[in-house]
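Some structures are shown below for you to check.
Paired with chain B in one complex and with chain C in the other, chain A is shared by the two complexes that follow.
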Partner chain A sequence: MTGTSEPILRLKNVRKAFGNLAAVDDINLSIGEGEFFTIVGPSGSGKTTLIRMLAGMERPTSGDILLRDKRINDTPANERPTCMVFQSLALFPHRTVGQNIEFALKIRNVDPATREKRARELMQQLHLPADYYSKNVTLCSGGERQRVALARALAFDPQILFFDEPLSAIDYKLRKTLEKELKDIHRETGKTFVYITHSLEEAMVMSDRIGVMRRGKLIQVGSPNEIYSTPRSRFVSEFMGDVNVIPVESNGAGSVRSQSLGASFKVPPASIEGKAQCLVVRPEFLRFLSSPSDAQNSLKGVLYNEYALGSRIQYQVRVGEKVFLVEKLRQQPFKGSLDDEVLIGWDPENSILVADE
Partner chain B sequence: MSENNGSIRHILIGVWTAAVLLFVFLPSATIFLASMTSSRYFTFPISSFGLDWWSKILNSLEVRSLAYTSLSIALSVTIIAVVLGFFGALAFARYDWKGRKLYQKFILLPIFFPQSVLGLALLLWFNALGFTLSWKTAVLAHLVWIAPVVTLVMAIQVYSFDPSLEEAATDLGASRWQTFREVTLPVLMPGIFSGSLFAFLLSWGNFPLSLYTTGADNTLPKYLYAKMVAGYTPGVPVLGTISTAAAAVLLFGGYTAMLFLTRKRNAAA
Partner chain C sequence: MIEKTSFFAEPGRRAALPILVLLSLGFIAPLLAVVGFSFMPARTFGLWHEPTLENYETVFSDNTYISLFWSLGLASATVVLLALICYPVAYGLVRVFGRWSTVLTLLFTIPLVVSENIRLYGWVLFFIKGGVLPGTLRTLFGVEMGDFLFTPAAVLFGMVYVYLPFMLFPMTLGIAMVPNQMREAARDLGASRWQVFREVELPLSTPGLMIGSLLTFVLAIGAIAEAKVLGGQRIIPITHDIEIAFTYAQNWPLGAALAVLLMLVVSVLVLIVLRRFDLDQILGKR
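This part shows the complex of A and B:
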């Protein structure tokens, strides 16, 4: 679970309880120097509490937070060499763009000329027009405000930058642009970024590694690709977008059985033992077959509906009570009509067994 | 047809608005008219107009001392009420603490007490405590009623204050005091401003609390009442007009200043 380089931030058994409720429960994590690490989780998973502890706005109930091997649990936010971009952005409404960016420097008694020079550099780097320097920050657009907030945090020159869902209120197109810009800034500055979001899509685009949180626990950490292709639990696999999940029981070596479908499936050899299990097959790995022998696992169903998803088309196929999702590229659509009997299937290496939790 | 309906509706709205404005402002206008007479008594319609009473009042030493007392009380009340109200409003609307709900209810209660009863109660207390009644005891009395009002006025501003602004300032390295000076105070400035206007104007025009608690000192509203009861002269409406006009000027002046500052800040682009 270590990063690609020396860890800058380490969490040991970090726990935060509000009354009897553990908002963050026993988290262990190392974040590497210069890494872009994203914590993903649904609302109420404890991710905001976690980042607030890292930034110094909450104190852990127990456990240790180490910044370059120095324990910082009790170091207040204003003495930590880290900085956060807030969900609300928290720009100072009574100040201009320039004054907002220079805030940290003013607090450090840097002289006005040096402050302005630095602010203008950052404005240029973040594509803010130079004449915005003396513009009141409340008159800026959503995207501009994002950039001002980022510039203000960068002016602090933090060792780690935290982000608390800053893009959640931005419309789709602008968000995509800002995600890319943020990743560019990460490259240019080489700083460690710790980002939290409830959007997996956002996490996938930007991160070096992703940690998935659920009910206060970090349930899986890995590269975007690992999280996507080898989820360890049903929760992670479903969080990562549309999937087909079949509750199954072990049925001897390399095979599982589904009660509800009344069918057995071949599964990849390295599969989990014990606990209740689910077989997960992503829609892009399901195929329409012309005969059952075309794939090692197959099911007979009825084509129920189809949806256009941009570059792909998604088909709903009913097998008994269960609905399966099959995706194909738009250029190679399935030639069949609704209510047709169809045969769908997949090969074991394209499926994974996960814990049913 | 519908256009016709529309114009009738517009006329009716206009008439209604005018009627309401007349209802609200006519009494004050009457006071002004009553002050413009040159006769000894108030008669209506006014038989001979003149500014004799205006010059008499403006040159009267007694009136100057009254205005001075009222001003001293109002300014003292404003300063103390704004400080109390500011921190009171933070406790009211910004911070979560045990007993906050109870505090929110109790702090607002004095606003709804009948002021004449409150004045009497304070008088009893001042006597029991052995205070000599003067304009200073009136300041205390005004505060009992005005500090809650100012707290409420400022709390409205504090409610719209994003707490993450303070966190952001702290996160950027600011100490508690720097955060307060650089962020909390300036962001809440409009609330402080309207709070002080409220404090000043409510104290300036207050009669029932002053009646009981000023002792030998006299304020403008108290003097007006005394003169009405015994010894009416057209000097009374003159003083009334001055008193009302001062409040209006302060209110409009303050509003314009605020508007000007906001414009200036926004136009800096």
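This part shows the complex of A and C:
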């Protein structure tokens, strides 16, 4: 959506080393004005170090961080027009909800009446009850505290809002609500959001673009759809939920061979040169067949187990030693029972060849 | 269903019994004895005389209140000075000195191993005419030092010196309790270093400051050795009066009355402070 807008934030060869270890290694990235950009990675991938450098709490070892073409490497956090919502939220426990939200305004010597007016506007925008204004922030529930933290950051009126996994400690249902609310707030305010999470699922819901980090490097950047449907490596494909990954080697044009399964598969024409490869098929693209000719690729296996996932049902099918996951919608008919021999298959266009890394 | 059960049927009460007995005998009984003595006629040694208020009259008609003011004044000054001295040190121990903190903490603790009186006599040797400090100053720089020993300032110095660890350690704890992300968040919201300190660090480390202040105040108001050793008995704190009444004067009821008065004053002050700063609220919920 915003890939074409002016970049507000640019990173050039940004690197941060702690001793010999590069926590963040040579990152190049442009984030567009008004974009919702999410950085995803497992713990230890360097994403928190990266966002702390962007917010001004760490200094890069080398490289440049440019905010609207101005180098901000050495600008301390309090002089940057950006604001961060912390993982711990870091709400001030000795202050009320109102005082927390007004903090940035108080620092700027805004008069109390204007401060309160702005705080109350934000509380309304974030669905906080008006009488919470003078409530002690420690007495608020988890979801309310999230909203207070966001309101406090918005009151600062930052050009970029950073989020360091603020939803990671919230239970599933509330998290889903807050994810959507956050995206709504993003639309309402039109501000640039840079979000960090270890959950690609969370990133998918909210982001315009996603950057996947691994061992300090940004290994793929793209829209949620690109990340989901055309991952470039085994790591990215496995990061987004369950996938079936088959190590394969090239077997001429449009075909690969799996040593372990002793079978060949048709694949889409695009291929990866010179690297070990994997064939990735998502469970929802695998289906049960009544005869091998029903799909271009097929395998014979044993139905080992089934897992109900609400609207969908997932089946574990064992082909020799190899475990495959097959998913279907609940309403689709299927009459297999455990330990039955089944045929599973998929079409080449629903599979992806990725680097085995 | 309401059923009348015996007091000891409630769980935990029987388990609490030994400590209850110990506290009653070891703590409450002596206190009651002191309170009882304060109502006995002067210079008597029994608890079964006709109760009288004459000891309290003596306290107020006499000039004993001067001792009380000295004690309160010195204790307050000690607390204020300690707060000013210890905050930067505690801050350094928590946030600046890193792994040297342990060594420094040890250095602050070691003097506690030596008896307070011995340490105070050490200071006498240090400050006395021709002692370590005045002697060095005269020999090396030809500077004559004015009298410091046996002045109220010397007493205050001694008290600050003796009670420093009792302020420092609670304060260190208080500052260590402020999560670093609070500082970062405040700074990120535009606060300068000074604003971070005033708006976040100081209020959040208040519990440590309060506990340290209470502790040192209560200890300092009971101080006696500093005035005797470093003050050369030029100042008589209330504790000294109490000691005199119980020993040389052999007037237990008067000493008891003074002790009761001191306890009342301290309790009221402590209660006021605890009321103003609800420690449970600051410490309990985060």
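Criterion: the second predicted complex is superposed on the first by the 353 of 357 C-alpha atoms of A that agree within 3 Å, B and C clash if a C-alpha of one lies under 4 Å from a C-alpha of the other, contacts with A are read in each partner's own complex, and residues count from 1 in each chain.
Assume a residue touches a chain if its C-beta (ideal position, glycine included) is under 8 Å from a C-beta of that chain, and two chains touch if they have at least 3 such contacts.
Being a predicted model, the structure only gives us computed values, none of them experimental.
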| item | value |
| --- | --- |
| Combined model on chain A: chain C and chain B, fit or clash | clash |
| Chain B versus chain C as contact partner of A:A55, first or second or both or neither | both |
| Which of chain B and chain C A:S134 touches, first, second, both or neither | first |
| First (chain B), second (chain C), both or neither touched by A:M84 | both |
| First (chain B), second (chain C), both or neither touched by A:P76 | both |
| Which of chain B and chain C A:T96 touches, first, second, both or neither | first |
| Partner touching more residues of chain A, whether chain B or chain C | B |
| On chain A, the residue positions that both chain B and chain C contact, one per complex | 55-57, 76-78, 82-84, 86, 88, 90, 92-94, 103-104, 106-108, 138-139, 152-153, 156 |
| Chain A-facing residues of chain C, complex | 179, 181-182, 184-192, 195, 199-200, 203-204, 282, 285-286 |
| Residue numbers on chain A that touch chain C, as the complex places them | 55-57, 76-78, 82-84, 86, 88, 90, 92-94, 103-104, 106-108, 138-139, 152-153, 156 |
| Complex contacts: residues of chain B adjacent to chain A | 162, 164-165, 167-175, 178, 182-183, 186-187, 189, 265-266, 268-269 |
| Residues of chain A that touch chain B when the two form their complex | 55-57, 76-79, 82-84, 86-88, 90, 92-94, 96, 103-104, 106-108, 131-132, 134-136, 138-139, 152-153, 156 |
